[in-house]
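Quick heads-up: structures coming right below.
What follows is subunit A paired twice: with subunit B in the first complex and subunit C in the second.
Then we have the complex of A and B:
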């Protein structure tokens, strides 16, 4: 999956560069991020600023990433989601599990 | 808008993930041409369509799937029809055909993917609220498709037709 990685101190910002976060790229994205976690990146922001829609497969990938951070007491913040995607998190009540921020600047302030 | 209800739309389900979003957008446009719906309802319909199509692409292989949208007032029904063998549960007190009717049972399609359903007849069940037991990240499932459809709808029913060997997914939304 096409992503952009930027490091801000101990925080890595991963920006998804595709419009669709779905079945076709969720497994690859999960692998890409879990490799970063294994390499020692435990403070992550994932930016959805370019993403138009997200499906259940990608939600599953995000849950797997959050679980992978648990042993390291890591932190994951999701940013830049559009109204449809925020609504999906609220519907599934995953907004109680994940930290959602409007943009990357606000997400960085959480660390 | 001067329409006679119900309006029925028949749509072929795309076979590739790259077509899911454009399919959903086109379907939503057709729905909106028939009825004014608030943003919350539009979002629910979009989510349901995305998950029904994603489910077909994931699980139905090369078999054809059709979606029928029945646009009425004050409700909207989304029906997906798919040829093939019936849904099978990974572990359950029962399998289809059910022996006990009108009973709430717990089923699963994979590890950590549990659903409570109510058996309606031997080949039919309704999904129930998935979050009665609360949320816990360590036991959080990684497969949300049916959860999303259940939560976005007012009723989500699965039915198998053993004679035609057809799976039917019937979703109702009160608008």
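Then we have the complex of A and C:
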């Protein structure tokens, strides 16, 4: 999956560079992020600024990433999601387990 | 569908010639001048075919192939060697590394294209044959994650609709558990994911749900929040499901009193069409999806169904659409179409006929369960 990684101090910002986050790229994305976690990156922001649509496979990958951070007491913030995706998170109570921020700047202030 | 081919060659002229040939014939072509560059592309994209030169500086085509063979996902991509060497030992060495074939650099363009077209077609045919075999086995074993029919009750009429996405069974699962003459549990779950992977795991969830319901019933406890909490605990501790998550909605029908209870875990709201008020009301459960936390709490809601009221349980495929090429999730589109149907006195079962049309396509497997009270 096309992603862009930028490091801000202890925080890594992973920007998804694709319009669709779905079954075809969810497994690869999960592997890419889990590798970062294994390498010691435990403060992460995932930016969805370019993402128009996200399916349940990708939601599953995000939950798995969040669960992988739990043993390290790590932190994951999701930023830049469009209205449809935020609504989906709220409808399915995923907003209770993820921290959502409007943009990366606001997300960085959380750390 | 547009297929993507990754070309790897240290000769930029050769790469450009191939790129022109392939793109002019409907393929998307990614190019890499080295094995390292190819690996970088593979980190972000999985092509349908890889064509690689043998002889390259630093890492050659054989090194590249060996790297791919160590990777579970990448080793499955069909691989062709490209060579200007006619040495049979080179060719044999490549084929020994499970390359499907090789293309000689001197081969006329038309033959190269035919070879690639045939290979892609052969991969497709092989995939469809495997799919057909799995489907046949599943049918023979009567492996179903949706029942053949809904139970017939005195006070309630139940109907359901489930359709697969692109003809693949998916993660939606439905069950009706009649524990005695009085109580029936209605289950609608959705394993996060699509197609066969989600389908496979849906059986693990179904079996846990049946066990949790039965155990709670034996203990005399019909509380949906207790059932969900127990279920969550056991799913959380199952290492096989540690990275698999499912949403779940449960409705308990009391066929003696007509009472309806609902609880959910990360599911979409249950929707009730209130005939008297002519409105569609959403009942949102508070529980998060199963298996994320070791302990979660779940609330239980009472829903009163009277007259021609109807209660709907839906999976997320019902709110995922592709409208004129743009995909989106929007429960309001679904609610509006459902509301219009009910307001016009039509059956909610018609929703499946009007939800998707020439502008709006299905993008996931879809399920809806409808529960109506029967006048006594």
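One rule holds in what follows: the second predicted complex is superposed on the first by the 111 of 111 C-alpha atoms of A that agree within 3 Å, B and C clash if a C-alpha of one lies under 4 Å from a C-alpha of the other, contacts with A are read in each partner's own complex, and residues count from 1 in each chain.
Quick note on the criterion: contacts are C-beta pairs under 8 Å (C-beta built on N, C-alpha and C of every residue); 3 or more make two chains touch, one makes a residue touch a chain.
Values in this document were obtained by computation on a predicted structure and should not be read as measured data.
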- Task: Judging by the criteria at the top, classify the pair subunit B and subunit C on subunit A as clash or fit.
- Result: clash
- Answer with first, second, both or neither: which of subunit B and subunit C does A:13 touch in the superposed model? neither
- Message: Contacts for A:51 in the overlay, against subunit B (first) and subunit C (second): which applies, first, second, both or neither?
- Response: neither
- Task: Classify the contacts of A:63 with the two partner chains as first (subunit B alone), second (subunit C alone), both, or neither.
- Result: both
- So, A:81: does it touch subunit B (first), subunit C (second), both, or neither? neither
- For A:32, decide between first (touching subunit B), second (touching subunit C), both and neither. second
- Message: According to the stated criteria, A:2 is in contact with first (subunit B), second (subunit C), both, or neither; which is it?
- Response: second
- Query: In the superposed arrangement, does A:21 touch subunit B (first), subunit C (second), both or neither?
  - Reply: neither
- Task: Could you pull out which residues of subunit A sit against subunit B in one structure and against subunit C in the other?
- Result: 20, 23-24, 52-53, 55-57, 59-60, 63-64, 66-67, 84, 87-88, 91-93, 96-97
- Of subunit A, residues touching subunit C in the complex: 1-3, 20, 23-24, 26-28, 32, 52-57, 59-60, 63-64, 66-67, 84-85, 87-88, 91-94, 96-97
- Of all residues in subunit C, those that touch subunit A in their complex: 43-46, 73, 171, 190, 192-195, 198, 242-245, 247, 266-269, 284-289, 292-293, 316, 320, 326-331, 363-364
- Counting only contacts in the complex, subunit A reaches subunit B at residues 19-20, 22-24, 52-53, 55-57, 59-61, 63-64, 66-67, 70, 83-84, 87-88, 91-93, 96-97
- Which bits of subunit B are touching subunit A when the two form their complex? 16-18, 20-21, 24, 40, 43-44, 46-47, 50-51, 54, 57-58, 131, 135, 137-138, 140-145, 147-148, 151-152
